[in-house]
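In structure tokens below, several structures.
The following pair of complexes shares a single chain, subunit A, combined with subunit B in the former and subunit C in the latter.
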Partner chain A sequence: MSAANFNNTNAAARPWFERLDRIDRRWIFLLMFLAVSGPILWIGVTGKTLPEAPTLAARAVFQEIDQLPARSLVLISIDFDPASAGELQPMATSLVRQCAAKNLRMVFIALWPLGNQVAQQTIQNVIRDDYPALKEGDDFVNMGYQAGNEAVMKLLLTDFAKAFPKDSRGEATSNIPMLKGVKMASNFPLLITVSAGYPGSKEWVQYVISACNEKMNFVTGCTGVSAPQLYPYFPQQIVGLLGAIKGAAEYESMVNASLAVDGVATAPKYLQAQRRMGPQLVAHLLMVGLIIVGNVIFFARKRRGAA
Partner chain B sequence: MTRQAKTWLVIGAVFVALIVARGMIGQGLGRVYVKRTEVTAKLPDAAAVNSAAAAPSASASASTSAATTAASTQATAGPSGASSQATTQSSAASISWQEWKQVPPLEFAAAQKVNAAQTEITLSWPRTIGLWLAAFFTLAIFSFLYADNPCYKIAESLVVGVSAAYWGVIGFWDTLVPKMFGALTPGLVKSLVQPSLVAPEMLQQISMVLALVLGVMMLWRLLPRGGWISAWPLAFIVGVTAGLKIVSHVESDLMAQAAATMKPLVVSVTDASGATNMWDSWWASVANVLLVVGVICCLAYFFFSVQHKGVVGGAARVGIWYLMITFGAAFGFTVMGRIALLAARLEFLFDDWLWLIDPNHFRSL
Partner chain C sequence: MKRIIPMWIAIIGGFAMMLSSFIPLAESWGEVFANVFNVVAAIAFVLGAGSLAKQHLEKLSRRDAGWGYSIITLGSFIVTLLIGMFKIGIHPNPNFPQAAYSGSNNTEGSAWSWIYEYMITPLTSTMFALLAFFVASAAFRAFRAKNTEAILLLVTAFIVLLGRTFAGVVLTGWFPEWASGLRLENLSIYVMQVFNTAGNRAIMIGIALGVAATGLRILFGIDRSWLGGGDA
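So, the complex of A and B:
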């Protein structure tokens, strides 16, 4: 008898839970691939997305931006790179879209090296494509990336121009019309960050929000991995919080609803987060199913062992 | 070959066959089209540039920065994904160049329909190859899920190499050049590499000399003798970091979080008319009670000066439940994040590469 036949005979003799327990993990990877790719194809072909019911934290982000008077200054820190764009780009897109629609003056900064390029791309996709009347320097400006992490944050509290002496085009901060009168971070009534890790939302709370003598509201969007660390700061230190792609989808649906025009469909680029909730649903159902199967196996083995 | 290996071979062959079939029917597979546009910008006044480079004071740089950056403003304000190449310098006062902006295949098809010989929108071979390389490396990384293999090793090595090189370049151009060399020799940096450099103040220049000295002391450990000298800058870093972190943690995590925990256990929520909303009041009260009980019980679990028996033991057990629920929520968030990233990569494969779906209406109306 060959070794393969011997193993097969043994496998057949094992009880069902033993066989399930020893299942090749590649089958689970294949199942996960199908669970994620199926809804992507279905949503991609039909264009249908799942309805979203916004939670308190996501509603707070929307309301915080919505209640600002037109022409208010907002500081937007893009602290992520393409590695996290799958989760965070939809948030950045919707946040910039709401600010642009509200005619707020946006100052983009980046504490991650590639954040500058991400900000530039978001400006192109949202502001230049859909709000061409907004002028760089008057309505929005990208200050680019600054190395220094927490040191840049601390410097922002006292001297904005020192922290960002020029914008991404090379224009001196003192020559940018919309930044006339901006001395420090507290001159911005609202700070918005989209963050993937360090330095990010937590550091903004620790080094800017808590240390700022004047009232400065702070809303943030973050990855799923860092969301549990940030929820304790909500709602006192972080006024609004978008946690992972779920938060992004909730916020996106609110922004789309507020800017909807009768008879005009929302542009597909503003449905990214909601499209990604379909795969989430099926993949989570699979995960729950696998956890249940794992527990059944555990108790079946325990029972067999006791007997 | 084992039965299992045969099974996976068949599954892999089915996927490859589907991809090949997809390439042979319909619109084919991923291609990138670009549109050529001419851009013209005014050149800055040469005299102003020279004077700015020669006298790098704060006031001089401020007054001339608009002139020195006039051309770069135009050049970098182009659309994302657009590449540019200076082709002509028509006169001393202006410069023109071509930019290629990525456009949807639908736009290419429309242009071809109007004029089949048009050259304004064309297939970009470099970008198309880039797209296929991105698809190959995505699949190469995914292939690790089956087993370690040469394709995965190549992709992994490339990621590490490219990342290391990228961080090196970023460190040099975004930190060393503007912050160190720009502070110590502003005129040289401004005239040679960064015309838009904002000259630092005297105090900043002095502080950068100190930073340079500390940096050299730090590197002293590489020499055979005098390694102890590197302990001084290290002590400086530890001291500054500790000072910064202690203050910020006490402010944001200890004091603010303790204050946020002191909540009323019975809450009365009123609506716009001033009437008490019983339902909201009930849930707000329950939320506050759960919060306060959770904090006390978790603290009890980590309080080891008293044996975990009786009331303290019960509170500690409740604390464990709170912790387990927290870990479960964190795991759930992590799963959500990872699936979102997987979905983004699969969207890229299905949309940009295989042209199976078209959520952005780039290829069909």
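So, the complex of A and C:
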């Protein structure tokens, strides 16, 4: 008997739960691939998305931006890179879209090296494409990336121009019209961050929001893994919180509803978060199924062992 | 000297930062040190690049296992560095047309933006996306109801996994209004805002106390372990 035949005979003799427990993990990978790709294709073809009921934390983000008077200054810190863009880019897109539609003046900064490029791409996709009347330097500006993490945040509390002496185009901060009169972070009535980790939302709370002598409102969007660490700050230090793609989808649906025009379909780039809830649903169901099957195997083995 | 000078820099810098938070007159001290820190952080990038090059060159010269990857790492590093430094494909800033390197790296269509859009973005997104596959495999093999704590964790995982999707609405959305607190989407919020917040606050307070104690030990020169080994 060859070795292969022997192994096959041996495998067949094993009880069902043993065979299932030793299943090649590539089958699980395949199931996950189908669970994610199926809904992506279905949503791509039909264009349908699942309905979202915004939670209190997501509603707070929308209301905080909505209540600002036109031309208010908003500081937007893009603290993530393309690795987390799948989860965070839809948030950044919707946040910038709501600010642009409200005619707020946006100052983009980045504490992550690639955050500058993410900000630039968001500006291109939202502001330049859909709000071409907004002028760089008057209505929005990208100050780019600054190294130093918490030290930059601390410096922002006392001197904005020292923390960011020039914008990403190389223009001196003192020459940027919309920044005339901006001395420190507290001159911004609202701080928005989209953060993937360190430095991010938690550090903004610890080094800026808690340390600021004047009232400065703070809303943030974060990845699923960092959301649990931010809930202790909600709703005192963090007024509004978007947790993971679910939070992004809730917020996106509110922004879309507020800017909807009769007879005009929402552009796909403003539906990214809601579209991603489909794959998330099926992937979560698969995870629940796998955990249940894993436990059935566990108890079957235990029973067999006891008998 | 290698230990004493860094120790005194830490002590002076630490006290300056601390006093700047409590004494208005000392506010500018904190600003000075924050500025110095920003410069040091920028220099750290140069050290990081040097360390990366050294490590991979050593690996190459020794022909260690996977030395081929070192060639790719070094090659990508050098190409990106040169493109970024020499601003390849970027026109000068219209305000300074005579200055060859005055344009911004953010310019659309530049070599750097091409690298960002077509290499960095897909590569890093792919790496992150792989997580879903390994999490699924790990959940199948390791998430077992072995004891009471594990059962609690499992129940919480089910509530959050289902409550954060439309599945929660389908499964429990029909619950009457008086039992709406038991709907999965509401239970998921409850878990995050009550149990998670309570646990995280306890951890955060513990960490804060630990950080304060360690910070004071460093400021007073009692704890020198952060200086590492080496000559005094």
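Just so we're on the same page, the second predicted complex is superposed on the first by the 307 of 307 C-alpha atoms of A that agree within 3 Å, B and C clash if a C-alpha of one lies under 4 Å from a C-alpha of the other, contacts with A are read in each partner's own complex, and residues count from 1 in each chain.
The rule is short, and it goes like this: a contact is a pair of C-beta atoms (placed from the backbone, for glycine too) under 8 Å apart; a residue touches a chain by one contact, two chains touch by 3 or more.
Quick caveat, the model's predicted, so the values are computed rather than measured.
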Look at where subunit B and subunit C land on subunit A after superposing the complexes, then choose clash or fit.
clash
Is A:Phe298 in contact with subunit B, with subunit C, with both, or with neither (first, second, both, neither)?
second
Please work out whether A:Gln67 is in contact with subunit B alone, subunit C alone, both, or neither, and reply first, second, both or neither.
neither
State whether A:Leu50 touches subunit B only (first), subunit C only (second), both chains, or neither.
second
Taking the superposition on A as described, I'd like to know which of subunit B and subunit C A:Ser258 touches: first, second, both or neither.
neither
Tell me the contact category for A:Met287 with respect to subunit B and subunit C: first, second, both or neither.
both
Looking at the overlay, what does A:Leu31 touch: subunit B (first), subunit C (second), both, or neither?
second
Per the contact definition in the header, classify A:Thr158: touching subunit B only (first), subunit C only (second), both, or neither.
second
For A:Gln236, select first, second, both or neither according to whether it touches subunit B, subunit C, the two together, or no partner.
first
Check the residue A:Ile40 against both partner chains and state whether it touches subunit B (first), subunit C (second), both, or neither.
first
In subunit A, both subunit B and subunit C touch residues 29, 32-33, 36, 84-86, 117, 120-121, 124, 146-147, 154, 168-171, 211, 227-228, 232, 243-244, 246, 280, 283-284, 287
Help me check something: in the complex, which residues belonging to subunit A touch subunit C?
21, 25, 28-29, 31-33, 36, 50-51, 53, 55-56, 81-86, 114, 116-117, 120-121, 124, 142, 144, 146-149, 151-152, 154-155, 158-159, 162-163, 168-171, 211, 227-229, 231-232, 234, 243-244, 246, 277, 280-281, 283-288, 290-291, 293-295, 298-299
Applying the document's contact rule, which stretches of subunit B touch subunit A when the two form their complex?
2-4, 8, 11, 61-62, 65-66, 68-69, 72-73, 76-77, 79-81, 145-146, 166-167, 170-171, 174-175, 179, 195-196, 198, 244, 247-249, 251-253, 256-257, 259-260, 326, 329-330, 333-347, 350-351, 356-361
Footprint of subunit A on subunit C - complex, ascending
17, 21, 27-28, 30-31, 33-35, 37-38, 41-42, 44-45, 93, 95, 102, 104, 106, 108, 113, 116-117, 120-121, 124-125, 127-129, 132-133, 135-137, 139-146, 154, 157-158, 161-162, 164-167, 169, 185, 189, 192-193, 196-197, 200-201, 204
Subunit B-touching residues of subunit A, taken from the complex the two chains share
4, 8, 24, 26, 29-30, 32-33, 36-37, 40-41, 43-45, 47, 84-87, 113, 117, 120-121, 123-125, 128, 136, 145-147, 150, 154, 165-166, 168-175, 205-207, 209-211, 223-225, 227-228, 232-233, 236-237, 243-246, 268-269, 271, 275-276, 279-280, 283-284, 287
